[in-house]
Structure formats: structure tokens, C-alpha cells
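See structure below.
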């Protein structure tokens, strides 16, 4: 039984608290947050204790921490928690600064503690089934990957300004999905983008619509499409052409009802929004963490994976600015 | 090259004229109709001659006739055409009277000429593919068949009155589909029905919504559902449960465009109406006729098939009236 | 907060225990079972106490009981629990004997306590959405209902023998679904059936494949199709033709992945089996019970609904035996 | 009635001969080909005459010519036919050389004769319905376009060598589709590509898998994906995200049969290959040409459209070689 503390008590922390509590191998024992009320409320709901982060890290009975605080605190908390001997599951992204994340990785490596980054979409039953089919050779060798990832509506511009930009905030999930499926780093990263959804996003220095093309050493190609607005809902699809076929992970729908009238044949919209769509993924992610940490096995998503995705976001941002493809190795510094 | 005359120059005759003309093995040489203008117009369009039916039947250079006249003339024309040595493709139904159709069959048998009844749906690419999959054993042994057959809108009540009723006019196609797939006559026929779409249809002595259940000697079951009104279009589906799976022939759609908006995910309606939906079936039906007649092979649909479907319609009408299942053998007189 | 005891500790009881525990308005306090070990194990898992049924019913602090024992104990436990002042949610069917169920209803009525029957499918998000669309008038007036309900594989013949037969054990869910959607009792019930899946089921006096047709006073028609075997999984669909359109609740699938290869375009199978497919329905059912009991509102499914479905099963069994339609009012005794 | 001559008697010429013959407003009167036998055979089949190209162009009774010869003869024949006063429908591409095509355009302009380029996909019922929905404002303003266009199998390397390369031979259809939907030229063209399907294609100096990204002046983006091999068939899809929704034109399927077994739920493959998939498009294209020429209206696809698509192919080839985006205006020379 893993004793777990949750750092952060916001919306996504609530999702993780449920996953921790319903997993038979873990127990939520403590919650911390800069907002003491929020910590107290979340702790009470799950029979845990609200404590200061320092006290949590100093408590030897706590085996693992789940970091669900704001991004600017991630690197620091990862370092402190691993130094205190805890296993860590940290929400994405590791950091907005690639250099800072790489420094964090060095510090973590010296502790030998396991750190997993919360790329929950790898655990989505649909994407996981697509990957499993690929790994079983059901479509031969991968050739051309397409990732479609549209949010229902853009966040407030105030959020955009501190988000690190579309590539680090939103497309980072898709960079990790590309890494998950292609199982290799790209050679080049090319980005185009615009603020066609909302000029205010452009005025804030970001884009709301973007396409990134990745090339790989063996000739494979990947394309990622992002938009901050799809009025019909949360559009999350992956499509992979292989030498012997095509795999498509399509949207989950709110229900299976189809209505035929003189207006056409109408079905339900995609499941809205990430909390609903990816709830099974959050549970499966946590279960994978508990299983690996309990068994002492390698984690399925590592800090290196978090850094790779961050470096791809960095490369995409550079490509957008320069108008030219960027060599990924130069950005990653390898 | 088969020289063909077309008896009838109405809407369905036009469909057949196209099929005859575009088939490389047949040539439309003559057209007759009680409306001389209609015959002349259709003949001109395809480079054929408008002639009297008598003259056509007397012309030894004409190999085959396609009968697309009103139902009450079918039996008579089949008898005269076969007596004159022609091969015949006759539109369904053979007749509204089972006894008359059976008498016609006797007359035809004595001539030895081939007569095919126009159950075009057997040649629909979807239903034909379903049957082929069944015959290849892809779902094991058939167990439970469902046929859904809804028209977009009811015909005028004036037509209803002379149509022979829903079972003989509309469901007769589905009875033949059941025979095509099950490849055996039913043991019992049970019908329920109502005029819920339009009470005027009930006042005319007919139903507009009906369900017929068929049982078979080996325990198989079939259900046929008919409605005279499906506002979303022409709904033509077949579904067959077998010991090793399920086969479904779904609707053809007007196009493949799907639109996702805040109102939902909307696709096109079913292809509207039988002329559009079944155009490939009419061509394939004619091609099968030409091929069989040219080769001297057995026809894929026979006069016996026409009589079997008519007898099932008769049985359904009796069952609806009596409120009880009807033994099919009693109706067929075998 | 509703204090709840669970009578029964088998597989379905485990499902209910989860629903009771995760609902914020209810708490599982006690479990009883004739198998003391099973009761103890289930109680421990959810922090409840294993107790004797008698002690549970005598405990005034317990507000409600959920009856998930074997069918032959249902009527008795419903009577005892309501006499003890408890609110009751009882698994379907009420009883295998219509007379016994009707006697139970009389006894319950005198206590004034609320009793809900566990027709969980009414709470399936898909069927519930279909009903909501109908109630909103989205397809006009209902005309022709089709329910397809196939199990993946037949149960052991030993189970068949004590099950009460396909109509009371399996189709009873579909009878209730018809009542839910049509909102009226049928006028006639006609059944056909066979043991084409497994002759041993026929030898045990039951059928494994059946079609029941229901007629309604206003001309509406319903068809229910059951098979004990659909090798591709649990097939649960509802389709309703109305005056202004068609509603279809289709199967839920295991995932959304589609694979295209030279063999065709292949998607996932239906969610397997009722525990997986209907898990959201069990939770929603319990939430509806808690909400209604807590507020003192009318229950969404009543003991009368349980009796109506049982009477339809009885009518179907009589129709199958006699080979004729059965007047429902005669069976229900109204 | 338009008197039409067909220049060329190969496979695609046969398709056009059917379209010309079945259109009520046109008549096929002559066929020419460097292979006299082929011309004679095709002419005989449709009751036309095999003649020399020169004689055809000199015959004042011929109103229009359809050019379906090899690409290297297109510009020359367009110039000669328009100089002879004919209306022209010419198969794509206009030419492999952009400069030559532009010179052809100048020559044609001086004749004032109408020239249409055979981008038949604009007339595909699905893509046409997508465009119509966009034009009606059904998804608001276009933002992000994706075109998926995969051939079932690569052509022989010998063909690849003379084809002009993937961009001019295959993706040129998709460039025109982008122009059709976006209704504006791109600002930049960026290409990546590889010969992952067959290294022999790479050795021949071409790619078999490519992704091209287009940006537009107003912030819109388009992505085109091409592969020479999709083993499951001919994959032709268009998807457009707009400010108020998404439009998808999906594949047409060989039939509508769905089979559910223990192996999954399997449907038919996409219609195979362009002759089958686009047959309705070829007929609609010809009908549009006949209608416009007969009425003296502007043609729906012009020589300028042919040149724009060719310039985009040229830009993509330059981008692939340089590894950088290319400014489209520089390539087009405007």
C-alpha cells in the first residue's frame, strides 16, 4: 500500500485524489496547497490530512507525492521530493524553461528516485489500443502519423500570457503522443501558426491555430494540428498510416444515440472536455505509477519524456519565429 | 446480342430502357404502351421503334421482352410472350391474385420459356454482399433475420386502393428478400398492422405500418418491418444473426459528408428513393438476365419465386384479418 | 445521508456496493448473505458490517435496503423490509410467479413504503437520451419500436432450468424497456421462439431465440428480439420510428480504434458484458433512488412496473405455448 | 447538341467517352489516337468515327475536343484546338513545365476560346457537398484544411521517372482541391517527403510519402498528406475546421455491409480505385462543361486553375529540395 501526498488542491488535483483513493494499492494521506482552505476541503473529502508541503516531504511514512501545483513550481518540487526520497508523479509540463528542466533532471538522477511525468493520454484506452495494435504489427511499419487535437474554446487571454504559449501548454501533449507512437525523436521540427481564432491571442504573442510537421531519421513523417477552438467539442484523434494498413483512434461520444429526421442523420458530440474524456486515462495512469513503483519497475513515462516534449515545443516556437525548420538535436543539446 | 422489346413506357420502364441500352449484350429495339406518345418518346430516346404489343410478339427477331406495364396485365402478357417464344423479365408482382399467378405458371411451364420476376433487390450490391458472406459461412448458420423497409412517404390513397394492399404491393419485396436469404419457405406467417401514419389508409382497408414474423422448419425466425413513412428518407436495411456473427446491410447515403457543430454530428440522409437507391440493382438484374438467357442457364429469380412471395403476402393478409398465425403451406396449396 | 444495507453479497451485489459507496448521499453500513464469508468479505471491502438480515431489518438506523439475493427470496424480503419501514430497491424480477408478485404489491401498499425495481437499463445514458429525445418531441409521435437484445453466450443449462425461462429471465428487461418508451401497456402479446442455439435448452423446456410482437391500443407496434448467443458480444440496441424521424441507441464499443487493412475496415466489438456495459446505469439508478427517497419524491420505477413486465413475460410464455396472440389484460387480471 | 471529338483512346479516354455519350447535350463524333487500332475500337463502341487529329481540328462541325492524350502533348493540343475555334476540356496537368503552361495560357487567351482543366474531384458529390456547405456558411469561416490522399499502390518506377514527380503527378489534384476550397492562393508552400514506401522511388529521384503545408494571407492553414501506398484502398478524404464547426468528406465504401464476429466489427473497404470512386465526378464534370459551353457561361475550372496547381507543385518540389518554405508568389511569377 502506497502512502501518497498530493501537492496542490485545484481542479486537476481533485481528479488525481479520486484516482489515488479508488486504487486498491494506494492511499491518500495528505494534501498541501498555498490556499489552505482548498487543501483542507479536498483532504476532508477523502479522509486525508491537510499539511504543509515541508511537513509532507519530511514525513518518512509518505512514499510518493503527486505534484499538481502551478507549472513554475514543478522543477523545484520534483527536486525537493526526490531529495526527500519520494517517488514522484508530476503533472506536465516539467517546466516552461528547457534549461531549468534539464537541470532538474540532473538533480533527480543523483537521487535515484523514480519520477513520472503526467502524460495521461498515453493511458487513454483508445490511444493505448492504437499503440498496442502497432506494436503487434497489425499495420506493419509506421510511416505517416497525424494527430488532431482541438480544444472546444480558447482559455482567457490572461491565461494565454502565462501559459508558455500553445506549443508548451497545449501541443506538448501531442509532442509526447508522437514520441509515444513513433518511439524516436524527430530530426526536424517545422511550425506554422496564426491567431485566426482570436486576434487578442496574437496580440498576446501567441498563436491559436498551428500545424507542426516532424521528420524522422528513417523517413517517417508526423503532422500535428492544434486549434484552440472547435465549437462542437473536444476533438482528440490520432491516425497512423503503416505499410500494411491504417489505424485511427476516433473521438469518444457523449452517447450512442443517432437521430434521423428531414434535417439529416445526427449523432452525439465528442465527450466534453478533458476531465470527462480522459478520466479513465487518469485512473489508468495512476494505476501504472502505483504498479511500477510498488514493483520497483521502470516507469512507463519518464522525466526524459517530459524534457523531450518540452524541447519539441521549444523547437516549434523557434521554427514559428524563424519561418524555417529547426534541427531538433540542436535544441535538445544532444 | 439480345434483341429486346420493352412493354410499357412509364417511369420504371425508363429505368429498364437505360439498363437494356448500356448493357453490351442487349439492344432495345421496340417499345409499346397503351399511351402511344409515351412509347414513341421513350423509343426515340434510345433509337428504338414504337410498335404495337401484338406486332412485337409476332416478330421473330425479338428475343426477349421486359414487361413493365400495370400489374393487372402481367399474367396475360407473360403467357402471350412465352407462347410467342420470348424470354421474359416481368416486374413484380406477378399478379395480385395468387390463383391467377399459379395458372400463369402452368401456362408458362408448357412453353419451356424462361421467365424472371424483377425482384431487383436481390441484385443490390449491399444485399448481394450480405448473401455472399452468409453463403461463404462467414457468420456460420443463419438464425434470426430482420428486414427493415420504410418508404419515405405514403402514396396517394387512390393508389393504395388499387395496389393490392401493403403486403402485396410493398412488403412483397421483403418477402422475396427473406426467401433469398433464408432459402426456404416459412412454416408460419403472423402479421400485425395498423394505419397509424394516415387513418385514410385504414379507411381504404389497408395498413401503413406492419410487422410480419416468419418461422421456419429448422427453428429460424424472420421479422419484417414496414412503414409507409420515414420522413428522413428511404430506409432499406437487412440484418442477420448467425451462429458465428451478425451481418448488417445498412443504408446507402446521399454523400459521405459529416458536419460537426454545436448541434451535433450530422451526416447525409439515405439515398432517396428507389430509383436512385436501386439503380445499380436494376442494371445488375438486367445483366444477370442477359447472361442467363444468352448462356441458356437457369435464371436467378424465377416465376416460382414470384408466386412464393405473393403467397406470403396472401398469408400475411389472412393473418392480419384473423389475428392468428397462418400456416404457409395451406395458402400456397402445396 | 441514507444509511443502506445490502441483502446479498454475490456478483451483482458487488456492483451495487460500489454505487452505494461512491454516491455522496448514501453510506453502506451493513451486508448480509446466506454465505457468511461472502458477506464478511464484501462488508470489509467497503468499511461496512456483516450482519444477519433479521438484525438489519430490526435496526432503526438503517434507512434503506438493496435486495440483491436470489429471485425466490425477493417478494418475501420486500414485504419484510417495507414492514420494517425501510425504503427498498430490489433487483429484477420481482418474482417468477405473477400471483406472488401481485400479493407482494398488496402487502407493500399497506406499508406506504417506497419500493423500486432494478430495471437499470432505463438509466443507461443511451436509452435515457433516446427517451428524452422522444419526450422532447424530436421525432414526433412514436409508431414502431424495435428492441434488439442479444447475450454473448447462453448460461449453463442448469441455470436455464431455474431461471423461469427466457421471457422472465432475459426478455423481462426488454418488456420494461418497451413500457418505459411506449408508456402504456400492450393490448396483445405474440411470441415465437426456438432453441436453435442449443437443443439442450429446448430439452430443458426453454427457447434461446425469440421474437415478441406487441400491439398497442392506438396502433403503435413494438418488436423485441432476443438471442442467447451473439458471438461478437453483448448486443443492446433500441430503435424507434416516429412520425417525424427515427431514433437509434446503438451499442457502446470497447474503444474507438478503427483498423483498415486489406481485410477490411475493422472497429472494436460492443462492450462486454452487462457489468461493463451497464455500470454507468447502475450508478445512475442508485443516484435516482437516493434522490427520490431523500426528497420523498415518487420513484422513477415502481413495483407496478416490475409486475407489468412480469405479466408480459407470462403472456409471452402463454403465446409461445398456444401459438396465438394473448390479450395482455387477461393475463394482468385488470 | 455539342459535337465532340476525343483526342486519345486510352483508359481515361474510355471514361470520358461514356460521359460524352450518356450526356443528353453532347454527342461523340470522332476519336483520334497515335494508336490507330485503339482509336478505331473506341470509336466503334460509341458509334463515332476514328479520324486524324488534324482532320478533327479542321472540321468546323466539331464544337469541342476533349484532350486525354499524354501530358507532353497537352499544351500543344490546347493551343491548336483553341486556334481552330474549339472549346476544350483537357485532362490535368496542363503541362509538367510551368513556363510552357503559362505560354499556352497566353496563346489561348488570344483566341478567346474556353478551356477547362479536368480537375474532376471538384465534381465529386462528397467534396462538392462539403464546398457547398462551406459556401452556405454552415461552419462559419474556414480556418484549417486537411486533405488526405493516398493511392492503393505505387505505380511502376518506370512511370514515376516520367511522371514529373509526386507533386506534379499526384498531389496536383490536392493542390487544386485546396484552391477550390480555400478560394485563394497560398502565401507559403512547405514540403517534407521521403521514399519510405519504396527506396527505388527515391533512387528515381522522387518521394512516395509527403506532407505539404500551405499558409494563407488571412491566417488560414492547409495540410496535404500523400502516400503512394494504402493497402486498404484508395483513401480520399477532406476535412475542414471552421469558426463554427467541422466538415469531413469521408471515403466512399464498396458496400454498406458490416460484419460482427469474434474478430471485431468489419465494414467494406474504400471504393477502389479512381475510375470507380470518381466515375460520378467524371460525368458531373462533363455535364458542367457542356452546360457552360452551351450557355456561353464561364467555365467552373479554368486554365488559370491548372496553372495555379502546377505552380504549387513546382513550389513544393523547390521546398523539398531546399528544406525551406517557398514564397508562392515568387514561383508563380506574379
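When the chains are written out, they are named A, B, C and D in that same order, and each has its own residue count from 1.
By our rule, contacts are C-beta pairs under 8 Å (C-beta built on N, C-alpha and C of every residue); 3 or more make two chains touch, one makes a residue touch a chain.
Keep in mind that this is a model prediction, so the values were computed, not measured.
Participant: Suppose chain centres are the mean of their C-alpha atoms. Which chain sits farthest from chain A?
Facilitator: It is B.
Participant: When I count C-beta pairs in contact, which pair ends up with more: B-C or C-D?
Facilitator: Contact tally favours B-C.
Participant: Report the inter-centroid distance (CA atoms only) between chain B and chain C in whole Å.
Facilitator: A distance of 41 Å separates the two centres.
Participant: Approximately how many whole Å separate the CA-defined centres of chain C and chain D?
Facilitator: Centres of chain C and chain D (C-alpha means) sit 58 Å apart.
Participant: Touching two or more other chains, which residues of chain A qualify?
Facilitator: 230-232, 235, 244-246, 260-262, 268
Participant: Please output the residues of chain A touching chain C within their complex, sorted ascending.
Facilitator: Contacts found on chain A: 125-126, 129-130, 133, 138-139, 244-252, 254-262, 268.
Participant: Going by the contact rule set out above, which residues of chain A touch chain B in the complex?
Facilitator: These residues of chain A touch chain B: 230-233, 235, 253, 260-270.
Participant: Mind listing the chain D positions that touch chain A in their complex?
Facilitator: My answer: residues 143-144, 146, 148, 150, 188, 190, 192-197, 209-211, 213, 215, 218-221, 223, 225, 227, 229-232, 235, 241, 243-246, 323-325.
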